[in-house]
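Pasting the structures here.
Next, two complexes with chain A in common: one pairs it with chain B, the other with chain C.
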Partner chain A sequence: MRSADLHIEGVKHEAIEVARNRLMVPAFLFVLGFGILVVRLVSIGIFEDISDQITHARPVTTEIVQERVDILDRNGVVLATNLSAPSLAVRPRLITEPEETADKIVAVLPDLNRTSVLNKLKSSHHFLYIKRNLTPKQVWRINALGYPGLILEQAEKRIYPQGNLASHVLGYVDVENRPQAGVEKFFNDHLSNTVRSNDPLYLSLDIRVQHIVRQELAFAMNKFSAIGGAGMVMDINSGEILAMTSLPDFDGNGSVQPASSEMKNRNILEPYEMGSGFKVFTIAMALDSGTVTLNDAFDATEPLKVGRRTINDDHAKERILNVPEIFTFSSNIGSSLIIREVGVEQQKNYLQKFGMFEKTVVELTGLSRPILPAHWGEIQSMTVSYGHGIAVTPLHLVTGISAMINGGRLIPATLIRKDTAPDNDYYPQVISSETSQKMRHLMRLAVEYGSGGRAHVKGYLVGGKTGTAEKVVNGKYSRQDKITSFVGAFPMDNPKYVVFAMLDEPKGIEETFYKATGGWVAAPVVGEIIKKIGPLLGVLPKEYIETKYHNLILVDAGK
Partner chain B sequence: MTVFSRTDTSLLSDWWWTVDRWLLMALALLIGLGIVMTFSASPAIAEKLGLGSFHFVKRQILFIIAAMIAMFGVSLLPVQWVRRFGVILFLAAVILMVLTMVIGFEAKGSRRWLSIGSFTLQASEFLKPAFIIFSAWMFSEVHKSPEFRGWSIAIFSYLIVVTLLISQPDFGQTILVSLVWGAQFFMAGLPMIWVLGLAGLGMAGVFLAYMLIPHVSDRIDRFLYPEVSDTYQVDTALNALRSGGIFGRGPGEGAVKKILPDAHTDFIFAVTGEEFGVLLCLVLIGLFAVIVVRSLIRNMKETDMFVFLAVSGLIIQFGLQAFINLGVNLSLLPSKGMTLPFISYGGSSMLSMAIAMGMVLALTRRGSGNNLENLNSGWRKS
Partner chain C sequence: MIKVVVSFFVLMVVISAGTVYSLKETTERLEARKNQLSAQILKDHAAIKVLRAEMAYLAQPERLQKLSARFLALAPVESGQMAGAINAIATREGATGKEDGQNMYKLVSFPVDEFPVLLPQSKPLNKKIHKPQNKRIKPQNKKIEAPSFYDRISLTIGDDE
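Moving on to the complex of A and B:
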């Protein structure tokens, strides 16, 4: 080895020493760096919580915000909800080839008129709607066209999955989702509040009961060629309406004609003369005021002449009748004689307490006032006693009848589910609970022995009262056109539900000996409804119980 | 281990008895963990892209097989062949990078990839280990023959490499390559006054990049002022670690991976943290630290300058890349596209890392240093 080599060897050794020393720097930095990583990892991974705002929860919970809140029935069945249904609009200035674009739009949406689409595409407007409520497939195909001038605007369409079923209660919304009727309108503040998106509106309706009522009513309407009908089921202890149907009805999903007869909710909108149903009130006030007792008897042998008027009985017994008989056989004469004892003022007082002078209370718009006699003298008092000369809505009657048999408290009707047990003391006592007890028995008698016999259902102890009134057409009573109704309740030993059915202008058929009275037409409807909803609502069938006052009635008389 | 007998002098047997088996084991462990982590991190991304759930897993396993073969192959090479291979690879990578500039395709705002069939090639990945070998050779040659202008060649080639990287632009790789090259230069005996000067130049370069390249200033701004900018990726990654806690939410239970854009590549560590918890993350960091620090300390005993500089450079590159990736995941560093060695999904980075560690294994084989002594260097003055 030469000296130069030796020198190089020396330099090499020196150099490698420097390199080794200097390697300590990166080695130290790495130890430090990985140490920092460990500290940072532990402090983040173990000692920190997930930062509030972002990321972690996002894929898991997506709050659904809807334009309108859902409406559900008392058991959570959806009655009204929303579907995404975007609207197609155009910004004409961004359309370069209107002809071609119009062709393609019409190919996707064949129900559009090509000329009118083309006019919109060529127009000088800034923004125009072409079609509302596109299906997801149509949205996809419009997007696939790829025209920047075509706008798909997010929109929701209100959908009523039950179709016609509860249309009058629900109401409907117009194309811009503005409420037009029903609870949609009444509860719009809640329903249109997007903050309450996940807080659906629970109605008191039970859609199963609603369906049964509508079905039976439609069947009877068809059978007796009636022009309309109304039906309700109410929980007498809470005022909750389980079913409210009015026929003909409409489908809120389709196009709705606001002024058509389908839109009319007969339960609240039109006052009708209710006929003998009112005798329940007459007997109740007579008993409650102590004017008469059950054992009192009145002479109904002959029609009653008052002034120029003659009051007849439809099922004339032509004998002296006691109070239960007057009720059971629906004697107009008897009830007129009773009210003469009660007096005009007392009658008006009671009817006012029963809510017959004011609009009813329920969460709907378009409630009607009753039509009261302009002059309320003795004659008017007598006709009112059997439900003539006074017109109330079916809801008035149902609410009033509930009070007569629930122990005497007038509980306002409601369409909203009550989740807490009603506080009875809160509602006004309009008759004593003793009178209410008596009314239960009397109504049971009327089904067992009287005109309401066709409402009888084995095991459910149905009680009720028929009503037949001549319809007022152009201010005159019509002999032909009748409003026939039946207001029933069950089970009468401990009543839970009032069931009401009414038919507008039913025509008698051979089976009913061409009669179209409440007993022939409406009572069977109520009977059928009770037969079907009784088990559904958990009312247990009972052994037959002999009515308390049956011995007061001379059944075989007459006929 | 009774597979190879010590008296067996065949190539494989020789390799087995001379190779750094601890390093080999640590790398195998790392690759194994990488497979597990790819299984948990990539299916969500694959599904989002409309590919089969295990699209990335299958490809990654293919890459790993190729990488293991490459690593083993390279580790068999004698030292002078490692150098030759490195230099050839360096020239090839430079040519490929020039090609990339011309015919490469653009993704996420930079032009870094060449496509070959269904695979894409990122030439800059292969440039890194090759350039380390080349630089180590240049720096070490100076000590053998002082009149050899090794430093000038090193500086010149460094400028070429940096120009190529910045033109892509790939700021992260530029910094990485600069740091490793700087460290090599530093160890090769750069006078302290130059060290300070170069460090100043480096800082100025970073500042210039921050001022002139919007992409860079954006990344750094986001890091410096998280409250006013969109730090979605990093915040999401941190939340993943927080949600994992000590033991993790369990394999497949991660929710963050579904919304983290680069869950299978740059942010695979965060996904691992969510599913397997801090414990496995600690194991992973520990593994990287052990590989790096142990290799550097072992390297202290090295007597040959080329081997010393090459191994140091390769290990520093490996360690820096891991540190930067983990630092970004833990929000200690501004976000830059840096893969986690042997863990992140990606063929080029996997293969380049395998080649780099193959070189380390080859260079650190016992007795390998003697090989160079017999080498008849052309530049040595006789």
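Moving on to the complex of A and C:
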């Protein structure tokens, strides 16, 4: 019995031993498995960096406003930005009591018409907008109404915090945030690219300069009852436009009428006959080609008869004038005689080099071609020499004048801030730097002794040229309606900025002896602008320097 | 022996399970915090955008000009007030900046250089208005004329809003 028990025990024992031995295999596997897990856990915890992949894969809950990229001025002041402005929409099928709902909506949004709201609530459409661009307070009150049929749809509105100030440069967007004009349209690829939402567009504009130009221009427009005006400030060494204003202007925040006259950017859209401002080009090409030297003199005693035309001087001296005098006293006869020496072909070549035959280059839409004489004979070449018979946009003139005084390089205008210094050799040399030097002195002379005297500013050497052109009304030159302009530059010993002002149809007032010429109307505007922007732009004032060619000029002779 | 080994492994399993659990818990908490923070950052970005726009609106040159003409006794800088170099400024006797180099003076930036930043200003109402003793001379008259024109051509900017 006992032995049998033992035997049994022996058998049991054997079976248990076998079971235990077999159990070791899964136990070993378990230990191995957990061991791997532990080792892996420790290695992950200690040796591996926590990757951001997991968290980044999750969608971000709050959507930042980024449908359109911001536009800033050169100092980082916001010119255009997008702010959240939800739209109120309705799903009419979910509205049970349209009358009551309409009453409450009109109570929150009093500018809505109750009938039209009611019509929308009752309509059979699936989805309808009631109002766009709600303020945060209105959003809160609509939410408080608690109607499930009313939907607040996230939307963005383009805001122009500066209002009218740079409206022509910026352009505007329509209710769907589609760009319609200006920089908004030209740089739409950048501005509508949401990936670049942290990469704002820096313009070359300086909002302070822009304000000064706009204000002075508005002042003059008001004073002389002009119907319009244009003004620009350009850095002549980089082509950056610091200010571009055209009056009247518009507010991109409000409702914009695309066809109205406020929308017209006179700086680029309309070619005008620039008048005597063109004499800068005439003298420059004459000096540069070597056909005329500064000491040459021309007879301006009598009006010049060419064919059926007679060319008169506005400020006739009735004597023989040398080249600086022709420029300073703005003699039409003199410049006609000079261009006769230069020749038609040479004149055309130079004007083409100065960019007067093509559209200007700037980052805006709606640039105009110049209007050139259909037949370019000797008479036309003479009228063109003093800026008649050829119509260019103010931007053409400003770009050209910059080239005349910056050492002869034609630098295309730009509205984008340039962070790197421009390369001197990159731009075409249109006149020699010696000629450019001479032009600086001549333009200084015209302000010191000539028609641009009212652009004089204490502390700065201002140079420039007035321009007065009769406006073409119904195909005829009008005696009364004039386009007066002044293109100035400062400081003339080392020019930095070109300042341009133009007024459309100014009327003479008592203070100006009822004259509305460039010297009386536009030159003081430029003077006033330079006086204010000079210190702002850090241009150092200089002691008075006598102009180089002043001894060539006979100031008090003649009339 | 086996009991020791088994209990060791059981302990290990419990510990590692606990560690994994607590790690997971920590990670989730951190992740929630991270999401919260990034949401907050986005919110703040949006708020900064609004504030920037508002600042640009409030710092419109035209509005500032009006306010300054009304409340400040400051006029625009004129060319005569500018000096080309620090040495061009007339120095007092005994305190020559020329010999010591630039250490004598410290150039501070002009307010116009940091144009977007508005400087704190005490409320004009609390300022004592200094009236000149001689009442026959009224220098303010000239200044009051200037803004009247700007009022006419101005945009409608609510000064008080």
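Miscellaneous remarks
In the analysis below, the second predicted complex is superposed on the first by the 494 of 559 C-alpha atoms of A that agree within 3 Å, B and C clash if a C-alpha of one lies under 4 Å from a C-alpha of the other, contacts with A are read in each partner's own complex, and residues count from 1 in each chain.
The rule is short, and it goes like this: contacts are C-beta pairs under 8 Å (C-beta built on N, C-alpha and C of every residue); 3 or more make two chains touch, one makes a residue touch a chain.
Computed from a predicted model, the values in this text were never measured in an experiment.
Touch criterion not met for A:195: it reaches neither chain B nor chain C.
Taking chain A as the reference chain, the count of touched residues is higher for C when chain B and chain C are set side by side.
By the touch criterion defined above, A:374 reaches neither chain B nor chain C. Contacts of A:219 after superposition: chain C is touched, whereas chain B is not reached. Once the two complexes are overlaid on the shared chain, A:144 sits clear of chain B and of chain C alike.
In the superposition on chain A, A:535 makes contact with chain C only, not with chain B. Looking at the shared chain after the overlay, A:22 reaches chain B, while chain C stays out of its contact range.
When both complexes are overlaid on chain A, the residue A:40 reaches chain B alone and has no touch with chain C. With both structures placed on the common chain, the touch criterion links A:31 to chain B and to chain C. In the superposition on chain A, chain A positions 27, 30-31, 34, 37-38, 41, 45, 50, 54-55, 58, 60 are in contact with chain B in one complex as well as with chain C in the other. Listed in rising order, the residues of chain B touching chain A in the complex are 143-146, 183, 186-189, 232, 235-236, 238-246, 255-256, 258-259, 273, 277-278, 281-282, 285, 288-289, 292-293, 296-297, 299-300, 302-303, 305, 308-309, 312, 316, 319, 323, 326-327, 330, 332, 381. Chain A contributes residues 4, 8, 11-12, 15-16, 18-20, 22-23, 25-27, 30-31, 33-34, 36-38, 40-42, 44-46, 48-51, 54-56, 58-60 to its touches with chain B in the complex. Within the complex, the chain A residues that touch chain C are 27, 30-31, 34, 37-38, 41, 45, 50, 54-55, 58, 60-65, 70, 75-79, 81-84, 159, 161-165, 207-208, 210-212, 215, 218-219, 222, 251, 457-460, 531-532, 534-536, 540-541. If you check the complex, the residues on chain C that touch chain A are 6, 9, 12-13, 16, 19-20, 23, 27, 31, 34-35, 38-39, 42-43, 45-46, 49-50, 52-57, 59-62, 65, 76-82, 84, 112, 115-116, 149-150, 152-153, 155, 157.
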